[in-house]
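Each chain gets a letter, A, B, C and D, in the order it is written, and its residues are counted from 1.
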Amino acid sequence: MIKVGIIGATGYAGSELVRLITSHPQAEIHTLTSQSYSGQPYGEVYENYRHTDYMCEEENIEKMAEECDVIFLALPHGVASKKINEDILSKTKIIDLGADFRLQDIETYEKWYTTHYAKDILPEAVYGLCEINRDKIKGRRIVANPGCYTTCSILSLYPLVKEKMVDLSSIIIDAKSGATGAGRGLSLGNHYCELNESVKAYKIANHRHTPEIEEQLSYAAGEDIVLNFTPHLMPMDRGILATCYAKLNKNYTYDDVRAAYEKYYKDEYFIRLTKKGVFPETKWVKGSNFVDIGFTIDERTNRVIVIGAIDNLFKGAAGQAVQNMNILFGLDEKTGIDMVPIFPA
Amino acid sequence: MIKVGIIGATGYAGSELVRLITSHPQAEIHTLTSQSYSGQPYGEVYENYRHTDYMCEEENIEKMAEECDVIFLALPHGVASKKINEDILSKTKIIDLGADFRLQDIETYEKWYTTHYAKDILPEAVYGLCEINRDKIKGRRIVANPGCYTTCSILSLYPLVKEKMVDLSSIIIDAKSGATGAGRGLSLGNHYCELNESVKAYKIANHRHTPEIEEQLSYAAGEDIVLNFTPHLMPMDRGILATCYAKLNKNYTYDDVRAAYEKYYKDEYFIRLTKKGVFPETKWVKGSNFVDIGFTIDERTNRVIVIGAIDNLFKGAAGQAVQNMNILFGLDEKTGIDMVPIFPA
Amino acid sequence: MIKVGIIGATGYAGSELVRLITSHPQAEIHTLTSQSYSGQPYGEVYENYRHTDYMCEEENIEKMAEECDVIFLALPHGVASKKINEDILSKTKIIDLGADFRLQDIETYEKWYTTHYAKDILPEAVYGLCEINRDKIKGRRIVANPGCYTTCSILSLYPLVKEKMVDLSSIIIDAKSGATGAGRGLSLGNHYCELNESVKAYKIANHRHTPEIEEQLSYAAGEDIVLNFTPHLMPMDRGILATCYAKLNKNYTYDDVRAAYEKYYKDEYFIRLTKKGVFPETKWVKGSNFVDIGFTIDERTNRVIVIGAIDNLFKGAAGQAVQNMNILFGLDEKTGIDMVPIFPA
Amino acid sequence: MIKVGIIGATGYAGSELVRLITSHPQAEIHTLTSQSYSGQPYGEVYENYRHTDYMCEEENIEKMAEECDVIFLALPHGVASKKINEDILSKTKIIDLGADFRLQDIETYEKWYTTHYAKDILPEAVYGLCEINRDKIKGRRIVANPGCYTTCSILSLYPLVKEKMVDLSSIIIDAKSGATGAGRGLSLGNHYCELNESVKAYKIANHRHTPEIEEQLSYAAGEDIVLNFTPHLMPMDRGILATCYAKLNKNYTYDDVRAAYEKYYKDEYFIRLTKKGVFPETKWVKGSNFVDIGFTIDERTNRVIVIGAIDNLFKGAAGQAVQNMNILFGLDEKTGIDMVPIFPA
């Protein structure tokens, strides 16, 4: 059994990770840490765990590195880069659900986030978008688990960009997320009556997932991409829908574009291309690691519109983190995360 | 008192209209008709009207034309164009909440909808987007009340298009609507558990509000506009948010763009431009006739992103219909529709 | 015009009151105060007021008493009783939306709440349940506006208790409330993802509205009543549904019980008795001052089950407060609060 | 592997069953039938199954009886009793999620439901409330899977009734259910905008789960019980909360009552008694087979208030059905249904 440590286990992503590890056939919870709740039973912080004896402990990453086979970090940005060093990496595997090791371009990181404290480690980190970087992930000591919006956005656009079928300067991503994306921290914006029965855009033109999407798509394209990304907050718990727009470089047909998606995704278990005329909805991926992708071409404007859907806490966070763990430890990638989406829920 | 007839009073838009006329100080309900519920007390069809003695009657538009000062039609497309003729118009005013008289281009109408049965009447119909066409509405006998998505989309983009500040081929409207937009008719897509806790795009690249937006913006631009419009269904009752994208023709500043919006809207009571850095949310316009509009410029891509928000049943249907009635009858435009948005609700 | 001051204008009840006074034909906002937001435009605290020039001021009740015809207090319990004194009452009318003047029994108040600082004033305060105490309210200087749960519960049970048709020891009230009842203050329990898609009971057997219901029903019965009251939190914004159970003293028929309700309520505009076999739902009263009441008799157990529904922010708070103001100032009781419920919303 | 047939696989309970069998380590889907969708891929009826090759077939129970080890029926009442006969039972096991075999009292069944067509089979059917009837279930050929409300209500009250700690004539159950309980069939009451943001009671004093609760609690008490059961519809997908009231026969303390619950439930894995002062909420059991139960005593009225919570589709339907299958086939009862509740969701 893989011994798992989770630092930051009492956020929503952390809690989802605890759930997945609990039912994973080849991994088990060894240590859960929480800054706010250390010393408390986990089942009092999340009462769905009422039947377990999990405890929230104070963080001691050195000790965890000694005892755990893998440590997941689910921390605010800027914290992980202070904790990870060569000594830790020499003893355990790290899967970071935060942003600190996602951007290889330090300058971009420091512009959009804060000072980076592990510049030496950064080059070793691999961007853990499993379907794209599977081979690079194997054997690494540290994986940067992608952001939720980014996972959905990149996978939705990857084949088009990789195959240079679209005008790279024309990409617009209009994304919609459920409220779990904003975490468990209290704020007026997340107060029930303020969020319920309303929709809004936020962090327009300045959301931190923008450079992450751009960096990865730029790798795919082999040239720099700048794009628009607009996140919206939906009155629902889980799910991300990304509606992506791009100008086609030629008058491609549906089948042309389909072929590009099939080329990259036809053997990907967790990517489900919808049939022509059918489009993803977040409810069909809830509680699962699936990424549903569908598209259409508007011949009037020669734009392709791609819709991608994921569960932000699952494929967008904890599920993909476990998928990365499975890759790191040589397990079947589906192990412990092969759930049928739960519906209605 | 203006005697009001409403044909199709038992849909959601019709019901909102009954509400607004009930509290209107210079208008009163004369006749309510309903195909499905004729003969039933209105307060049994909509129990919020439990205290009223309104009855659903069978439709007799000729009789209504004799007795009513104005008739509102809230009917499926293709029905109104069969009912309206010169005789009706010679006796009463018509405000049509449906699509039949919105598109002046017959060919476009028949391509996107169905056969038009009142081609002779069509030229007389005015597109009742009050803030833009106020002067044209006065004195007309028939007003085509705009669609909900279109009201929000056109008003959000009008100054940019009118002032030619944006590349007219670059416009993308990503719109989000509450479920009332889909009406009271039963369908699996509107079943509670199917719609709740999920978000989806629908009628991608083929929603009928597309040509309506295009026609009106083309008038404003003085040239033909083709654009992308993608509607999404949100798990909430009311509200439309339109996120609009367009490429700026020059490196305009925030203030440049602001000046354009001020030029057209600074005296418009029902249009509220948000402050710089503040963006509309549907909750702030719910239960009101307000249109909130805010925007930002992404200097990285030189795109302007405009956010517009309305209550789809109010400004997007019944409220604007009453606003049109007020214009037709020479009343203060705000009469009976000057509500503070209701929040939280 | 009645000059209105509101102390505590930035809570949900306060904000609803501002909305109702804004549209009231014979009253106007004179002063709005807020501890948290003083100095800020009200339209930035509640953006639905974006179009107004209301400002949040620091509280100065003495000055307000000089300048306002009536002051509404929407404050945490224990605060109002420190602010109100003979001097204030000699200059203005007070309508207190809080709990401090609702219980005439000081001992009960201090047991369930805290120390009372205006024991001298208390006897003068009238319990502002308009339909029951209308005549006592006229001419008073201070009105204790009833709680939301209590308004719904008392009105649902009053005829049965007054007519002694039920076993007074058998009363159980199982109440369900939307989240606005818990106010705008942040807490984990009101965090969107924690409240959404779940239901819970809270303050079981110790909610502070219990003694308020008991005191008023005891007055009606002419003897002491002790009962069970269990509040539940619903995943919705507005509305209270009270499901009330009591053992009938005899084998009363539906018509017997109906006669009791008609006796007290048949001329009450804001109380709508539902037809036999029809029961209240919160959606049918939303955004209105109506109280819908329906009941059935279970012959198997000889219990009567009464269902009452109100909008907790309207009839349960701000609407009833305005109704009390109307009574105090000799206006038609419906003035400014005669809205058709808004649906769907 | 246990070969599973499901008749009525396209209802919500059926679909949840398909999900649980899909991930069950010792069972597999053999046949899915659907009256409405036969011939269609299951993944088009429920797109969460997009990645599977399940097909909806026409029902042929005789063939299924030959080929399947167990057949689950998820059918409207009155249908199962026509399908099940000695021949079927001689070839396969039956677990009926409907009502036809739940009531042993034929007269009661026919009064509350319809004619019963398998009176000969009925005595053999066991009421599959696993925690109570485990030993009786073993070896049976037909199990009547309990209703959702009933599972929650009976388990919440069982120890009190069994131990005769409460006045058996005083029981009131006020239950709240999410909308999945009403199924996937279209109706105005389940239309999104009609159900959202509102709460209502329904089938007051005449819901068909009443006699089912009464029969089982009467068995426990050894005498006939008549009680009040009032179901309410909540604006949420899943979950049942039962708030139960009963008069204590003596002045029992919390610990006295606790001892009764511990006596029956302390070794029950799926029943989680909450700590003193903590009460169940539906979110903590969602997506799981757990039954959370908590209670308090109101000394003022000497009533005990018990709160029970389940996931209506899981423990209230499909999960308990699998639990029954596990018992029938001698597997560990938790096999395939030992999920940590999913939260937030």
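In this text, a residue touches a chain if its C-beta (ideal position, glycine included) is under 8 Å from a C-beta of that chain, and two chains touch if they have at least 3 such contacts.
Model, not experiment: these values are computed from the prediction.
Asks: Report which of B-D and A-B is connected by more C-beta pairs in contact.
Replies: Most C-beta pairs in contact, of the two: A-B.
Asks: Where centres are the averaged C-alpha coordinates, which chain has the largest centre distance to chain B?
Replies: D
Asks: Please tell me the distance, in whole Å, between the geometric centres of chain B and chain D computed from their C-alpha atoms.
Replies: So the centre of chain B lies 46 Å away from the centre of chain D.
Asks: Centroid of chain A to centroid of chain B, CA atoms only: how many Å?
Replies: 38
Asks: Specify, in ascending order, the residues of chain D that touch 2 or more different other chains.
Replies: 12, 179-180, 193-194, 196-197, 235-238, 281, 283, 286, 344-345, in rising order.
Asks: Considering only the defined contacts, which chain A positions touch chain B in the complex?
Replies: 169, 172, 174, 176, 178, 193-194, 196-202, 204-205, 226-228, 230, 232, 234-239, 241, 243, 245, 279-283, 286, 296-298, 300-301, 303, 305, 307, 344-345
Asks: How about chain C: which of its residues touch chain A in the complex?
Replies: Contacts found on chain C: 12, 179-180, 184, 186-188, 190-197, 235-237.
Asks: Show which residues of chain B lie in contact with chain C when the two form their complex.
Replies: 12, 15, 18-19, 22-23, 46-52, 179-180, 197, 237-238, 269, 272, 274, 278, 281, 283-288, 290, 292, 313, 338-345
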